[in-house]
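Listed below are the structures to be examined.
In the two complexes that follow, subunit A is the common piece, with subunit B as its partner first and subunit C second.
After this line comes the complex of A and B, so read on.
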C-alpha cells in the first residue's frame, strides 16, 4: 500500500486536517453551533492518528445532516440511500475485508429507518466502526420527533412535549452484540478522538454515540443556545468507563453517563464465514 | 498563575507557546473557541467575514499555550495553533530562502 503524502515544508500553511477534507467544498452546510463539524473533525484526527494509509479507509453514510460528512472527506466515500449505510458498508467489508470501513451517520438514519440493519450488523459482529451523531432530533427535515428525542422535549410534531421514552443506544448496541460501545459528547473531543482511534483498530462491530447540539431545530424549540447545551454537557455528565449500559439513558436531570461501556472480543462475521462457508466450499 | 506555595518543579516545567491562526472566511461565529479557550485570549472581532459572521480575534498575542483545544472543537476547520518556536524557525528559513 502507498504511504500518505508528506506535507511540504515543516510547517505547512493551512489547517492540519486540510489533507483529509475536500477544501473546495468548505465551508460546509452545517449551521453555526452545530456539533457535527466537531465530530467530523475528531473522526479525521483519529484517522490521522492511526497512521494507516488513507487509501485503506472508506466512509459510508446514509441520509441526513450528519451524512453529508461523506461528501467532505477526501478518502473513498459513499453517500447511500436513507437508512442503508450499514448494509452498504457490510457489502464493502465482505468484498474487501482489508478496508477499514467507517459508517458516519445520524441517529435518525441509523436507529429509526435503519434500526434493523444496525441490530443485525451488530449481531453478526461485522468488522466496522459506526459513529452515530446523536442530536436528539430529525434536523434536516425540520425538527420532527426522533427515536432518540428525550421525553417532554418540544419538537414540531410534539408541540406539548414528547410523550415517549427515547432509545438507550449503548444498551441497544450491547444487547445486539456490538463488541465495542462508547459514548462521548462534542465537548469531550480528546476522549472522543481516542475512542474513535481505538474503535478503528478494534476488530469487530464498534459503536460510538456522540451527543451533539442541534441549535436550530432542537435548541430553538427547547430554549437551549448552543453554548447552553455545551454547559449541560460539562455539568450534567458523568464519565464512568466500564459502566453498565442499562443505566446509560440520556437524562440530563439525572446525569448522562459517558465513557467506554463495552470492549470485548467476539468472532467477527468474516471469521465465522471463513470457518463455516469458504472452507467447506473448497472441498 | 499565582500559587499559594511554590511547587518544587516550577523551574523544570516549560510552558509551550503557540501561535493561533484563524481562517476567517470559514468561520460561522459559533463562539466555541472563545468560550472554551483555557486562558481566554480570544474574543469576537468587530468586522464581518465573507459570509457575514464575526470571526474571533486574538486579544493577547503571545499568551497562547498551544493546547490545540480551539483547533479540535472548531466545527468549521477555521482555527488552528502551531508551536511558536517552530513557526519562528519556519519564518527564518523562508526569509533566508527568499
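After this line comes the complex of A and C, so read on.
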C-alpha cells in the first residue's frame, strides 16, 4: 500500500511556476497519465526562461483537451473555437506585432479542422510559436481518429483499424514555409523547454510538435500501457538535429526522429507588411 | 500618415463608403476574404489602411477573417470584416464567439441572393434572419441596414459606435445595389463625427472581473498586455471570465449578453419616418427596399391613400414597441423586402392582430418595383 503524502501546512510551499498559473483554476481537467500537463509546464518554464515580461505574452488555443492550457496560464489568454486559434492569433499579431503570441493546441484542432489556417500562417511566416500536443487522437471527444492517427490504429471511429495514413507534421510545416520546426516528446522535457524558448525568441512561424500519450483514449484501445508509450519515446526515437523532415514520419518501428529540423531566417508577415504596404503607401 | 477622415463631397459606391466610414470611425484592422459584391470594401481597405497606420490582411477564408478581427479587437483596436452570403454563412460560428466573449467588431454583409451560391452579382435581403440568429445558441446582437452610399458611410460609423459601447459584434446588412451604386457621399469634418470607444477598466487589476457589468450593463474591456491577465473563452463563463459549467452561470451570462442590448433599446434602435403623421397604411422597410417604399408612398398618396413609411435603420434588435404602437392606430402594415418573408413575420408578430399585415416580397435578384406595392394597396385598401 502506498501512503498519501502529508497534508501541506497553512502556507504551502509555492511551485516555481505559480506566478504563471491561474492557481484558482486548479485542479485541471487532464487525466492521470496524460502528457498535456508536461508540455504545458515546459511551455511555462520556457516563457520564464526567456526573461521577457509576462504581459508581453499571449496564449491562444482552439478546442480540445490540449487547448484548455489557455485557461490555466496567467497571461492574457484566449480559448477560441475549434481549429481557429491560428487565425485569431494572426489578428492579434498583425494588430500588435510587439506581442509574443503562443498557440497551444491539439493535433486535431491544428491539423484537421484547422489545417488550412496552419499552412497559410506558415506560408506568411506569421511571427508566432505554435505548440502542437500530438496525442495521435481526439482526446476531448472520447477517442476518434485524427489526421495524425497511425495507419491501422483503433479508435472509436476506426473500429477495424485506421484505413488512412497520418500527416508527417514537420514535413507539412516545412513545406508550408515555417521557419522553425522541431519535434520532441514529453520524455524530453529539457530539450522541449529549450526548444520552446528558442521558438519564442525566433522571429517567424515556429512549430513544435510534441508527442504525448493519451492512455485513456489511445493507449487503452491500442494495447499500449502508459509506460509502454514512454518506453517507445525513449527507445524508439532518434535525436538528430537538422534531419530532413521528409523522413520524419511517426513510425516507432523504424524510429521517430526528434530534434530541430528547421531553423532559418525569413522575413515575417508583419515585417513584410511594414516594408511593402506601409512604406509604399506614403508615396 | 494621411488623415482618416477625407472631408469632402464625393461620388462613390456604397462599398467604398463603408470602407471610408470604417476608417473615419478609427478602424485599424481589417481581415477579409474576397466575395462579390463585397470585394470592393476589401480592396478599398487594402489601399487605405496603411495610410492611417492600420493593417489589412486577406485571410485564407471567411472563418479566418472573422477569427482575425476578433483577435485584433482584443489588442484594443477597432476591427472589421466584409463579406456576402456564402462568406457570412462561414462566419457564423465565430460570430457566436464574438457575442459570447463580448468582443466589439463590425461585419459588413453586402447581401446577394441565395440560397447557396445563388445569384452572386444580384441583390437580395435574404440573410436577415441569419443575421438575427444564424449562430447557434440564444443571443442578441445589433444589425443595421443602409439604403444608400451616404448611409453606408454613416451606418458603418454608427456600427462601430454601438459595437464599442455595447461590446457586441454589429452587422451592417447592406445589399448588392447599395454596395455597387454610386451616389453623392458627403464626408463631414472629423470634428463633426462623434466616436465612441469601449469602456476601459479602472481600479485594482487583481480585483478586476472581465464581465462585471458597468452602469449600462456593459463590462469594461482591457486590452492584451495591459496587465489584467484576462481569460477569454467561448465556454459558458462566470464574471471573471472563467469556464463555469453550470446552468446558473449560463443564466447569468445570457442575462448579461441579452440584457445589455434589451435594456438600452432607446439608444440602439434607430428608425426614420416619412409621411407618418396622418398615415393609416404604413410601409415597413429597410435597406434598399426603403427606396421602393418611398416612391410607393408618393404614388399611393397621389391616388388618395394615406400612406406613410416606417424605416428600420436598426433591424435587430427589432423595434417591437414601435411597431406594436403603430399597428394600434392604422389599418394595415406592408413590409417590403427582397425575400419571401423574414422581417414581415416580425412585423406580424408585433402588430399582434391589431392591423392587417401584408408582404411585398421577391425571390431576389432585383429591387422591388414600387408598382407592386401600389397594386397591393389598391387591391386591399380603400382610399
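Note that the second predicted complex is superposed on the first by the 271 of 283 C-alpha atoms of A that agree within 3 Å, B and C clash if a C-alpha of one lies under 4 Å from a C-alpha of the other, contacts with A are read in each partner's own complex, and residues count from 1 in each chain.
Here is the rule we go by: contacts are C-beta pairs under 8 Å (C-beta built on N, C-alpha and C of every residue); 3 or more make two chains touch, one makes a residue touch a chain.
Small disclaimer: the values here were computed from a predicted structure and weren't measured.
Colleague: Going by the contact rule set out at the top, does A:230 touch subunit B (first), subunit C (second), both, or neither?
Modeller: first
Colleague: Identify the partner contact of A:18: answer first if only subunit B is touched, second if only subunit C is, both if each is, neither if none is.
Modeller: Only subunit B; A:18 stays clear of subunit C.
Colleague: Just to be sure I read the superposition right, which of the two partners does A:142 touch: subunit B = first, subunit C = second, or both, or neither?
Modeller: In the superposition, A:142 contacts neither subunit B nor subunit C.
Colleague: After the superposition on A, what does A:77 contact: first (subunit B), second (subunit C), both or neither?
Modeller: second
Colleague: Given the touch rule stated above, what does A:273 touch, subunit B (first), subunit C (second), both, or neither?
Modeller: The second partner, subunit C, only.
Colleague: Pick one for A:255: touches subunit B only (first), subunit C only (second), both, or neither.
Modeller: Once the two structures are laid over each other on A, A:255 reaches no partner at all.
Colleague: Using the superposition described at the top, list the residues of subunit A that contact subunit B and also contact subunit C.
Modeller: Looking at subunit A, the two contact sets are disjoint.
Colleague: Which residues of subunit A touch subunit C in the complex?
Modeller: 22, 24-25, 55-56, 58, 60, 70-71, 74-81, 83-84, 86-96, 99, 116-117, 120, 273, 277-278, 280-281
Colleague: Spell out the part of subunit C that touches subunit A in their complex, as residue ranges.
Modeller: Of all residues in subunit C, those touching subunit A are 28-29, 31, 46-47, 50-51, 53, 55-57, 59-61, 63-65, 67-77, 79, 93-94, 97, 224-235, 242-243.
Colleague: Hey, which residues of subunit A end up touching subunit B in the complex?
Modeller: 9-11, 14-18, 21, 26-28, 30-38, 40-42, 45, 186-187, 189-190, 193, 226-227, 230
Colleague: Where on subunit B is subunit A touching in the complex?
Modeller: 23, 25-26, 28-32, 35-36, 51, 53, 69, 71-78, 80, 82, 86-87, 89-90, 93
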